[in-house]
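After this come two complexes, each holding subunit A, first together with subunit B and then together with subunit C.
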Partner chain A sequence: MSRAGVVLCRCNTLIDSKMDFNTIERRLQKHKNIVFIQRVNMACSPAGKQIIEEMASLHGIDSLVAVACSPLAKGSVFKDLTRKLGIDKNMLEIVNIREQCAWVHEYDDATSKGLTLINMGINRVVKAQPDSTTINCAMINKIKCDKCKRCLEECPNRAISINDDGYPAVNPDLCQRCGVCIGGCPLAVISLPDFKVDEISAMLKGASGAKSPFIVGFFCDFAYEEADKMGQAGSAYSPNLHIIRVPCTGAVNMITVNDAIAEGVDGVLIAGCDASQCKRKRGNEVARYRIENFQKSLEEQFLEKERLSYVSLGEGLKEASIINDDKCNRCGACQQVCPYGAIKQQDEGKFQVYYKACRSCGICAAACKPGAILVPVCPDKKIMNAIDAALAI
Partner chain B sequence: MGKINIIICTNIHCQGSKINFLEIKEVLEKDGYEVVLHSNFCDEIKRGFYPSPFNNCKLPTVFAGCSPCVMEGKLKKLLNCPVEIVNIREQCAWIYNNVEEVNKTCQNKIFFGIKQVKYARIESQPENVLGKKLKGYISLMEKYGPNPFKM
Partner chain C sequence: MPPKVDITKCDGCRAEEEPLCDQICPGNLMRLNEQGKAECRSSRDCWDCMSCTKICPQGAIETRLPYQLGYYPAKLIPKVGTDKIMWTCVDINGKVERYVIKTRNN
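Up next is the complex of A and B:
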C-alpha cells in the first residue's frame, strides 16, 4: 500500500489565512494512504525542507503530496527535495492551493475546493508507479499497442517511426514531450514520464462530494499560467473549476474525458491557446477536432455536447512586442522565428505584431538584425543597464 | 536620489537573522532614499491592501524580499507603482552562510535594483478572461442540470 506524506504549506500566512487548514487536516486524517500530514510555515525554505526531510525519513514515505503554491512558482524546489529524499519523481504531486484556492475564492469555497484538489492529488500518487527509467520522452507500451499507427499521424514533430517489429518507436531527440500522441492514442498506451492517462483518470475519482456543477479543466501550460496570473491579481473565478495541468491541449485523451463524464463530472473544459498560438505546433488544432468528435458521441448518449468545451486563454496576457517601422528593413526574420505566429506582413510590406497572440518571448527581437523590435517587458536598454550595474559592483 | 522608495521585508523566517537590515537601511538613507522595513510583509498584505507608509506612494519602488515568482503580480497590484523586485531571499539569505558575504550581497542587490527600477512601469492588470468565460459556462451547466451519470 502506498505511503504518502502530505505537506501543507502556510506560505507565511498567505495561504492559511484564507482557508481552514484545521478542517483540511481533520478530513485528510481519514485517508488510509496518508502516513503523516505536516503543516509548515514555508515548505520552500531551508527550515521547511528540513522538517519535511525529517518527517519523510521518520515515516518512510514513498510519495509526497506538496500542498502549496503553483508548480510554475516552486515546482523545482519540490522536485529537488523528492530527489534528495530518494522518492521517485513520479511519486510527487504538487497541489496548487495558493493561486487556485486561497487567492481567488472565499474562505469556505477555498477550503472545500482545496480539499477536493488534495484528494485528487493523493489519488494520483496512489495510482502512480515508480519509474526507474531515465527516458525523458513519450513512451509506448508495446504490450498493449495494437500497431494502429495513429501516433505516427498525430505527432507534430515526426518523432515517431515504425520499428522492424512493426511497433512504433519514439525518437527521443525529436520528441518535444507535447503529449499530442497520448491524446490521439485510441488505447491510451502512450505516456510521458510525468503525464499518464490512468493517473489522470484516478485523479478524477477523488472528486466526489465536490460543489455542483463540478467542472474539470484541462489547462495547457499557457492557460495554467493565465489562471495563476488571475490568482496573483486576485481576480476571482468560480470555485466549481478544478484545474488539471496538461502539457498541451492535444495531450488530453478522450478516454480521460469519458472517464470524467462517467465519474459524474458535470462539465469538462479544455483550455489552451488560440488558433495560431500553439507552441506545440498544432496541439490545439487536433484538440478541437477531437472535441468535435467527442461532442457527437455525447449527443448519442443523450448528453449536451457543451459538457465538453474548448476555451482559448492567454490571448493578450503579455504585453506585445513593438516593431519600429523606421528601423525595420522588411527582412521577415521575425515572422519566421516567432513560435506563436504572432507576426504578420501587411499589404504594404510592413510587419505587425498581433498583440493578442504575442507571448513576449523576445525571440523576434533577438533575430532582428536592425534592432527594430522592442520587447516592452525587457528592453535591450534594461539588459545593458543591468550588465553595466553588475560590472560596477 | 530620493526619488525612489524602498521596501525591505526582514521576516526572520524568510531572510534569517544573518542580514543586518538596520545597517543597510542606514546606508540607503544616507544616499537619500526613503526606506521602510517590514517585519513580515506577507502578514501585512494578507487582507489584500497595503497602506503606503511613504510620503509619495507613486514613486518607483524597489521591493527587497522574496523571489518575483512568489507574488510578483500580487505585489504590483498592491503597490500600484513601478516596482522592481530584488530577490534577497532565494538569491542571498538562503544560499550564503557567511554573514559578511550575505550582507554585502544583499546591499549590492538592492543597489542593483535601484539602478534597474527606472525601467519599471505600472503594468495594467490582466483582464479576467478566465472568470468571464467560466461564468458563462457554469450558468450553462446549471441550466443543463447535473450529469445523469452522477445519479
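Up next is the complex of A and C:
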C-alpha cells in the first residue's frame, strides 16, 4: 500500500476558476492510496512549499502527486522539494492540469478530464519503485532480457554494446536518454529512471470510467512543449485527448499500445517532430515503421487502423532558403556549411535546398559570396531597412 | 497444426543467431532458414502451445487451429501487453469476439 500525498495548486485562481476543485477533492477522498489532499494557493511560492512540507512530515508520505502547471514550467521546483522531503525522484508525478486542461477546455469538461488525469498520475506513483541509482541513463533488467540484441541496432547513439556475459550494457556517457531502445525492446525490459513501460501501462488503467471516446496521446518532449503553448494561447481542443509525455516518439513500445487497446482506450495518437527533423536523430523514423506494422496487425484483428495514428508537427509551415541559380557560381560553399545537410548538388550542377531538412538558419546565405541565397524569414532587404531606420534617428 | 510464418513480416529478429521464437519454443522446433526467416523444422511435433505466436515482436507467426476446433477462416490472435493478453477469436462464420486475460508476468 502506497502513501501518496496530493497537492492541488490553485495557481492564484488561474486554475480553480476554470475547473471545480471541490468535486475533484470529493471524488478523490475515496481513493485508498491517498493520505492527504492539500489545496495550496501557489505551490511554487515559499508559503506554498512550507505548507506542503508541513503536511508531508505530518502524514509521512512516500510519494507526491503535484497537480499543477506543466513540468516544463515549474517542474524543477517540485523536484527540489521532493529532494528536501527525502522522497525518491521516481515517486514524484507532476500532473499538468493548467496548460493542457484548465486553459483549453470548458468548465465541466476540464473538471472531468482533470479528475482522469489525476487518477492516471496516482496510478503511476503507486506503480513506481524507489530507485537508488544516480546514473541517469537507460537500464536493462537482466533477469528478463533474452539477449536478442535488437537494442544494439535501434540505439541512434551507439551507446549499447554487448558485455562479456552476453547481455547488453549501456554506456552512460553516450546515452542521450531518448528511449528509442525502450520502444524497440520486444520484452520491454529496458527502462529510463523517469520512463518505465509498466508505469505507463498503470497510467492507462485510469481510463476506466472516463468519457468516451477516450484518446491517449503520446507526445514527445517537443510536441509536449507545443501542446503547452496551445494552452498558453488559449486555443481549445477536444477534451477527449489525454496527453502523456514521452522522451521521443521512438520510445513508445507497441506493448504499451497493446495494453491501451486491451484496456478499452478507443484511440492512440502519437505526436512527434517533423519527418526528417527528429531531435533524437532517428526516433520518429523507427516509430513510423513500428506504427505501420501495428496498423497492419490491427486490421488483421478486425479493428480499424485509424485507432493508432501518427502526426508530426510543423509540416508544411516552414519557409526554406531559396537559391537563385542565375547568380550562383557553383562554388559549393553552401553545401559545406549547411549544418543540416539540406543543400545537395543536382546532376546538372545546380545546388538545391531540400525544404524538409532546411531550418532557415541563414548560415548558407552568409557563406554565399555572389549573394545568390535568399532566406525568406530574414532577407537582406529587411535587414538593410532596419539599419536605415536605425541610422535615421 | 504447425505455426505459419508470414515471411513478409518476419525479420528473423535481425538475423541474430537465435530468434525469439527459437528461444521460447518448448520443443526447440523453430529455426532460421537460408533467407534469414523463421520456419518450423518439424511441423508434426508442434503442440499448438502458441508461445511463438505470442512472443513474436512483428506479429508474423500465426498458429493454424486444428480442424476439430475450426476450419480455415477461424483464427486466434493474441496481443501481449505488460500484464494482460487480448485474444481476438474469429469463428468459421467470421464472428469476432475479444477476451482480455490477466497474466502474471510481473
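We adopt the following convention: the second predicted complex is superposed on the first by the 313 of 393 C-alpha atoms of A that agree within 3 Å, B and C clash if a C-alpha of one lies under 4 Å from a C-alpha of the other, contacts with A are read in each partner's own complex, and residues count from 1 in each chain.
Methods note: a residue touches a chain if its C-beta (ideal position, glycine included) is under 8 Å from a C-beta of that chain, and two chains touch if they have at least 3 such contacts.
Computed from a predicted structure; not experimentally measured.
**Student:** Which one hits more subunit A residues, subunit B or subunit C?
**Tutor:** B
**Student:** Using the superposition on chain A described above, determine whether A:117 touches subunit B (first), subunit C (second), both, or neither.
**Tutor:** Touch status of A:117: no partner.
**Student:** Between subunit B (first) and subunit C (second), which does A:182 come into contact with in this model arrangement: first, second, both, or neither?
**Tutor:** Neither partner.
**Student:** After lining up the shared chain so the two structures overlap, which partner does A:291 touch, if you call subunit B first and subunit C second: first, second, both or neither?
**Tutor:** So A:291 meets neither subunit B nor subunit C here.
**Student:** Just subunit B (first), just subunit C (second), both, or neither: which does A:273 touch?
**Tutor:** Neither partner.
**Student:** Considering only the touch criterion stated at the top, classify A:19 as touching first (subunit B), second (subunit C), both, or neither.
**Tutor:** The answer is neither, since A:19 touches no partner chain.
**Student:** Is A:148 in contact with subunit B, with subunit C, with both, or with neither (first, second, both, neither)?
**Tutor:** second
**Student:** After superposition on the shared chain, which partner residues are touched by A:201: those of subunit B (first), subunit C (second), both, or neither?
**Tutor:** A:201 contacts subunit C only, not subunit B.
**Student:** May I ask you to decide whether A:236 touches subunit B, subunit C, both, or neither, giving the answer as first, second, both or neither?
**Tutor:** first
**Student:** Considering only touches as defined above, state whether A:258 meets subunit B (first), subunit C (second), both or neither.
**Tutor:** second
**Student:** Can you pull the subunit A residues that subunit B and subunit C both touch?
**Tutor:** 261-263, 302
**Student:** Under the touch definition given earlier, write down the residues of subunit C that touch subunit A in their complex.
**Tutor:** So the residues of subunit C in touch with subunit A come to 9, 13-14, 16, 19-20, 23, 55, 57-59, 77, 79-86, 88, 90, 96, 100, 106.
**Student:** Report the residues of subunit A in contact with subunit C in the complex, numbered from low to high.
**Tutor:** Listed in rising order, the residues of subunit A that touch subunit C are 146, 148-150, 153, 186, 188, 197-198, 201, 254-256, 258-259, 261-263, 293, 296-297, 300-302.
**Student:** For the complex, give me every residue of subunit A touching subunit B.
**Tutor:** 11-14, 17-18, 41-42, 45-47, 69, 72-74, 103, 212-213, 215, 226-227, 229-230, 232-238, 240-241, 261-267, 269, 271, 302-304, 306-307, 309, 311, 313, 315-317, 319, 376, 379, 381-382, 385-386, 389-390, 393
**Student:** For subunit B, which residues count as touching subunit A in their complex?
**Tutor:** Counting only subunit B, the residues touching subunit A are 11, 13-14, 40, 42-43, 46, 48, 69-74, 77, 94, 108, 111-112, 115-116, 118-119, 121, 123, 125-131, 133-135, 137-138, 140-142, 144, 146-150.
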